[in-house]
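So, here's a batch of structures to check.
Okay, so subunit A shows up in both of these, paired with subunit B first and subunit C after.
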Partner chain A sequence: MFAIIAAKDLRVLTRDGRLLWAGGLVVILMLVALAAGWNRQVQLNSERSAGQALDYDAWLHQGYRHPHDAAEQGMHVFKPEPSLAVFDPGIGPFVGSTVWLQAHRQSEVKFRPAQDATGLQRFGELSPAWLLQVLLPLLIIVIGFNSVSDERERGTLRQLLSLGAPARSLLYGKAAALASCVGILIAPVGLAFAVLIVARLPAGERVDVVYRIAWLAAGYGLYLGFFVFLTLAVSALARSSRTSLVLLLGFWVAATLIAPRTASEATNLLHPTPSRLDFDNQLAHDVADAGRKAWSTHFGARTPWDPSVPLSKWGAALKVDDEAGYGALDENFGRLWDTFERQQRAQEWVGLVAPVVALRGFSMGLAGTDFSQHRDFSTAAEAQRRKIQNIVSEDLIEHADRLGNAHFTYKAGPELWATVPQFKYELPSVSFALAHHWASLALLAVMFCLSVALAQFALSRPLMR
Partner chain B sequence: MKTMQPRPLSTLSLIVLHEARILVRDRTLLLVCCVLALMVGYGLFVGLAQATLRDRMVAQVLKHQQETQTANSGMLQSVLAGQTALIPFSNPANPAAMAGTLSGRYATMPNAPLAALAIGQSDMMPNYYRITYLSKVQFMYDTEIENPWNLLSGHFDLAFVIVFVLPLLVTTLGYNLLSAEREHGTLRMLCSQPLSIATLMTGKVIVRMLALLAIAIPVPLVVLLLIRPEARGAEQLVLMLSWSALVAAYTLSWFAVAALVNTVGLSSSTNALIMVALWTILVLILPVTMNLAVGLVSPAPSRTELANRTRVATAESLREYEDLYSADYRYASDPEALLVKNERIEVPSRMRAFFLAKQKVDERIEPLLKHFDQQLLQQQKLVDRLSLLSPAMLVNEALTSIAGTDSRRFLAFKDQTEAFHKEWRQYFSPRILESRAMTMRDLSSLPRWHWIEMPGSEIRWSIWWRAILMLALASVLGGLALARSSRRSIE
Partner chain C sequence: MLDAIEVTKQFGAKSALDNISLSVLPGEIYCLLGANGAGKTTLVNLFLNFLQPTSGSLQIGKLDVVRHPLETKRLLAYIPEQVTLYGVLSGLENLAFFSSLAIGEHLPRQRLLELLEAAGLPRQAADDRVATYSKGMRQKVGIAIALAKNAKALLLDEPTSGLDPSAANEFSELLVRTSNDGVTVLTTTHDLFHAKQTGTRIGIMKQGRLVEELRSEEVSHADLEALYLKHMKS
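Right, the complex of A and B next:
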């Protein structure tokens, strides 16, 4: 009975114009999004790896130079694009990808693509993830809102029930039909894309990406499944097809469009983000404080770079000054980033009414484009900067401090530059992402189960009212 | 009811009255208006909070500037009088220190008076820059701090309520203008009266539209007039008028679409589906697709390339001023060397090198930086043209330019800041090169920042043509709907 119902419904849906038009549009958009994302990624990755190599080469061959001046030129490091960023660019457009590691300054990741774009960027980014998160639920609603109510209105439900079709078969048959419509649209594109991505990767990274894709499939499956069962439940519960449509569309608008914005405004009130000015002032204050303390304990000086500290101690002083700042930097940036993460965790609870919020976090996490993975990169870049800084200071203590007033005539050579290792950053593995986002997945699973239960309840009630 | 005689105009007013009564009784209108009022209120609150935050930042920056200036002049006085021990990097008599670490100068852009109406780009682009001799790459790319997740979600501001939500509320009220009458069996009855369908539809739309606009337009404007005194000028009133025209035209055109859809004679469900499909295409899909298209047609230059060029330029300037960088540095052991003699001061050669090197870096990467800005302007022009495709894009552009939070204004700010940065360097350049000590007079004649607002006529023009275009669109669609309803049988 289940198979018959599913086959009949699928036939009805495929013959209906709604699936053809809406589905066709979604597939075209998906292909466009994939092509554009792919193109961008190939270009960015080749540019960045070339840039990175050039930069390190320039560092090694910078000739003879005072080490502090070398740290002035510094080093650029670029964030590699995770391969699944094509699928979900996540926060990518709103965070930078380039860090200039220089002396004295916490390296900030700069150059957000959104800065080089117009206000249109704020409408959103056309990505496969966006299509699956926003448009596919709408498609499910549009093709499924009347799947039960229409049978009732036409009187075919009465006939169906008279044949002794169990409610369970009816529910799962209809669900299977709806799900296969969605499947027909996205599975071929998705599969081809997955194979292409995995095939392009070096063998070592393949397993990780395959795991990621599998988890993503699970997450999106639960999300779309939630909408399938919700649609059926509402269609069975509502008095008419019209009511069912209005209710479902209302939910879709509220859940995918309004909830994410409201959630981010609300968590901003709960855990306020400091303004740049406040943040900079606090940071400068803390760094100066730490600096003063360090200078007075190490050199008995009242202020940093006090005239009482002779030039023969400047290498040592540089080290003391830098190291004093590390604590303040870690604390301030740590606090800011913790705020961001707290805001996001608080928003995940909104997933209980609007599953798109939970899914979005999960999807970005698994695609490698969420904030925790951006933070991981920023931390690695800062560690590299400190490495350079320490090597430079040690070398100054050893060589330049002996020269007294001729401190700045000291020049280090290629041997010193070669002691700074090349910046090698490995993207965190899938377990890192899962550790951060398992709660979202659990939430999606709960929502899915709830929607199945609701649909079962809706179809187990007397259907002929 | 029976006292009224059917005259042409009074038929319309009769329908309006009748519709109003029905809508009030079945509570739909009340519900929709409450939802709208809540959203408008919340959107305005978010916008006001953001505007206040930005105001506070500018005020703090200016205060900080004032304090630094006072501290600098106090310090300079005591240095000139020989009362203070000299610290090489923080000696205000030294022009290189004054141009760099001691400079308390900021370039600031105040909020436009109507900033609370749309957040636009203001949560991302900075509204102040700290001006020193540092290279542009070092300070021009700082952005406002905001959780990237929130930037991605977008803000719940008034522009969002108008561009995204208002059409949906119009749909809720208007998807079954005629179809409901038909489904209830009352359309037949109405057609038997001396009443044209066009009049019927006009009456229905008038009630619904007035109800929505009575909340969407006056509430924000009155609140703004009450709590932001700077919004009370004549120019601002004209802007508010254009804002109202824009919102009214946008609402009207969605109602016209609803009316047009209703004249086709399909069922209510189908009408709702068509309306939502149109909304999805015009408000969701077209803008993101156009964003992609703009990026493809007129791509921003590569930031990686900028990083590479910066490195090369920095390396070159380090090499060029190598002698200055590595000169003996005796000021720590001999602070007397930093004393002002005959209005001259020895600028430590390393500091001179810093100044010159940064200047060189900027000169070298200037063309590439210019290219970024040009490309952004190019993109903006493209957006102006493409926005003709979707009323949502058109209105969004206009709303942000009324609020002064559009990319153009931020780009103008960046431009002016660059010019000021140049002026700042030019002021110090001869002093540093000729070792001229800073005097009290110099301190009061440092270059001052003045924000030059974008020409009002340009903004007004860019807003009005959009408003007029929206009105034209609304009247074409409305005219079509009326023509169809009078010519065709819609039973």
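Right, the complex of A and C next:
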């Protein structure tokens, strides 16, 4: 019986101008967002791979020079753009994509697209994920706010119930019709996008991306399903269609526009991040402190680079000094990044009242554009930097330190540069993302079940009031 | 077939029905007369289980309405004063939808057209959107739904209200034909002429009570009018 109700509702909705106009607008925006994202990604990937190749080529062909000079110059590594960043750019525009691997210091990722953006970017980037997270719930509300209330106001509900249509069939029929409207709008675009994304990938990466797409579909399905059942519940509980619309729009504004910003501020209060100045000062202090201890232990010197340490130990001192700082770098960056992750986890709980917050984290995670995957890249880049430092220091110990006071006359050549491997970074797999975001998915499932229960309760009450 | 047994319905302190009992036999047309607020529509709503009685019970085909809401509704067809349909769908589509719900299967187009024709809707109007229909035409779609359901009992809430005399007469004839096929009819109305013309029995309600019950062949139209006015004025 629910299929009969669903088919009728779908027919009524497709003849209704709301679906045509609002849905058409959403589809156009979706296509624009996908095209813009696709174009951006193609351009970025080509620029990054060209940049990576040029930079490594420059490293290999830097001629003969003192290895420490080479290490000071360092090289750049570029974060590969995950293919699903077209769908959800996540924190990408705000955290940058390039790391300068230079001696002595762990650099932050640079070149954030948001830095070059106009003030309009503050309103949020037009991405397919944003459309599904923010505009599609609005579309569901616009086409579904009067699903039950209008039937009651017009009197058709009386007719339906007099025929013995069970409330459960009515609920699932109407839910199926609303879901079909959404499906008709996004499924063709989504499927075409998924096929295009997967087709352009190397065979080895396809399975992972297919799994990511499937999980994303599950997450978004639960989220949009939540709005479908919530809309039906409010429509059944409200005294009039107007009340239903006001309540649902109020929830939409609060849950999708206000809550994410409030959650961000609230979690920052709960798990405060240090200011840039405080972080840099603390880091510098800890690195210097660790350096002092290491110089004292290894060379009996009171301060790093004490003139009492002979040049024949300069290479060894460089290695000791660098390695002494690693602990402080790991601790400070680790603490900062742990704070970011704690903020993210705290925000997930806001998903219990505003599911968009849970979905946003889940979506970024599965698209490979969240903080945990950014952290993974930053860690890999730092490991590459340390690898370069180590190669350079070992070479200095082996060749330059033997020259005693003539240490700085030593020049290494292409053979040494070639021992530094090209930076190759593989994006973490889907299981990495799921391990970080299963709680968000569970929250979405809970919210979905609660909305179904609320809708069942709303339709189990006497509908003829 | 339709039985109300000592039914009382109260809304807060106000009593809408006061210990009312009536019984409509198979093939009978029972017309309930009464002023606005007499409790006629409340009784219909109780039979539909849209409301539940404060005390007493209602039965359709010996099944309790409250305990067997879906089963009793399967035996019923209901035509309200304003037959409400989906304006963006055609008469045929509305009938297809409601009849599918009622009988659980899709009737072929030809059968649907026959039902609409039997209810008196012109064939050329079947594919027009219901938004363009007159009240009488909607009423006919409502009847077609009832016919499609092949219901054992019909509940009609002021079905001829607002119909022009010719449409009302057509409707009355259809009702008589339906009852001749053994269908039980309970109809509320303000129309004494309609009640006398079509009813097998007539009940007069006042302030939630059944104050008079008579067979229509026992009274003339003038007597019925006098009796009705007497009760209304008392």
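Couple of notes before you dig in:
Rule of thumb we're sticking to: the second predicted complex is superposed on the first by the 465 of 465 C-alpha atoms of A that agree within 3 Å, B and C clash if a C-alpha of one lies under 4 Å from a C-alpha of the other, contacts with A are read in each partner's own complex, and residues count from 1 in each chain.
Operating definition for what follows: a contact is a pair of C-beta atoms (placed from the backbone, for glycine too) under 8 Å apart; a residue touches a chain by one contact, two chains touch by 3 or more.
These numbers were taken from a predicted model, which means no experiment stands behind them.
For subunit A, the partner touching the most residues, choosing from subunit B and subunit C, is B.
In the superposed model, A:Pro80 lies in contact with neither subunit B nor subunit C.
Legend: residue contacts after superposition of the two complexes on their common chain; A:Asp306 is shown touching subunit B, with no touch to subunit C. After overlaying the two complexes on the shared chain, residue contacts for A:Ala22 are found with subunit B alone; subunit C is out of touch. After overlaying the two complexes on the shared chain, residue contacts for A:Gly291 are found with neither subunit B nor subunit C. Of the two partner chains placed by superposition, A:Pro428 touches none, neither subunit B nor subunit C. In the superposition on chain A, A:Val12 makes contact with subunit C only, while subunit B stays out of contact range.
Looking at the shared chain after the overlay, A:Gly368 reaches neither subunit B nor subunit C. Counting contacts as defined above, no subunit A residue meets subunit B in one complex and subunit C in the other.
Residue ranges on subunit A touching subunit B, taken from their complex, read 18, 22, 25, 29, 32-33, 36, 44, 47-48, 50-51, 54-55, 58, 62-63, 65-66, 69, 72-74, 76, 78, 90-91, 93-95, 97-98, 100, 108, 110-126, 130, 134-135, 138, 142, 145-146, 241-242, 245-246, 249, 253, 257-258, 260-265, 268, 273-277, 279, 303, 305-307, 309-311, 314, 336, 339-340, 343-344, 347, 371, 374, 404-411. Contact residues on subunit B toward subunit A in their complex (touch as defined above): 42, 46, 53, 56-57, 60-61, 85-89, 120-121, 124-126, 128, 137, 141-156, 160, 164-165, 168, 172, 267-269, 272-273, 276-277, 280, 284-285, 287-292, 294-296, 300, 302-308, 310-312, 314-315, 318-319, 322, 325-333, 335, 350, 372, 375-376, 379-380, 383, 392-393, 396-397, 400, 406-407. Within the complex formed with subunit A, the subunit C residues making contact are 45, 48, 50-51, 69-70, 73-74, 76-78, 80, 82-86, 88-89, 93, 97-98, 100-102, 104, 145, 149, 155. Subunit A makes touch with subunit C in their complex at residues 1, 4-5, 8, 11-12, 15-16, 154-156, 158-166, 462, 464.
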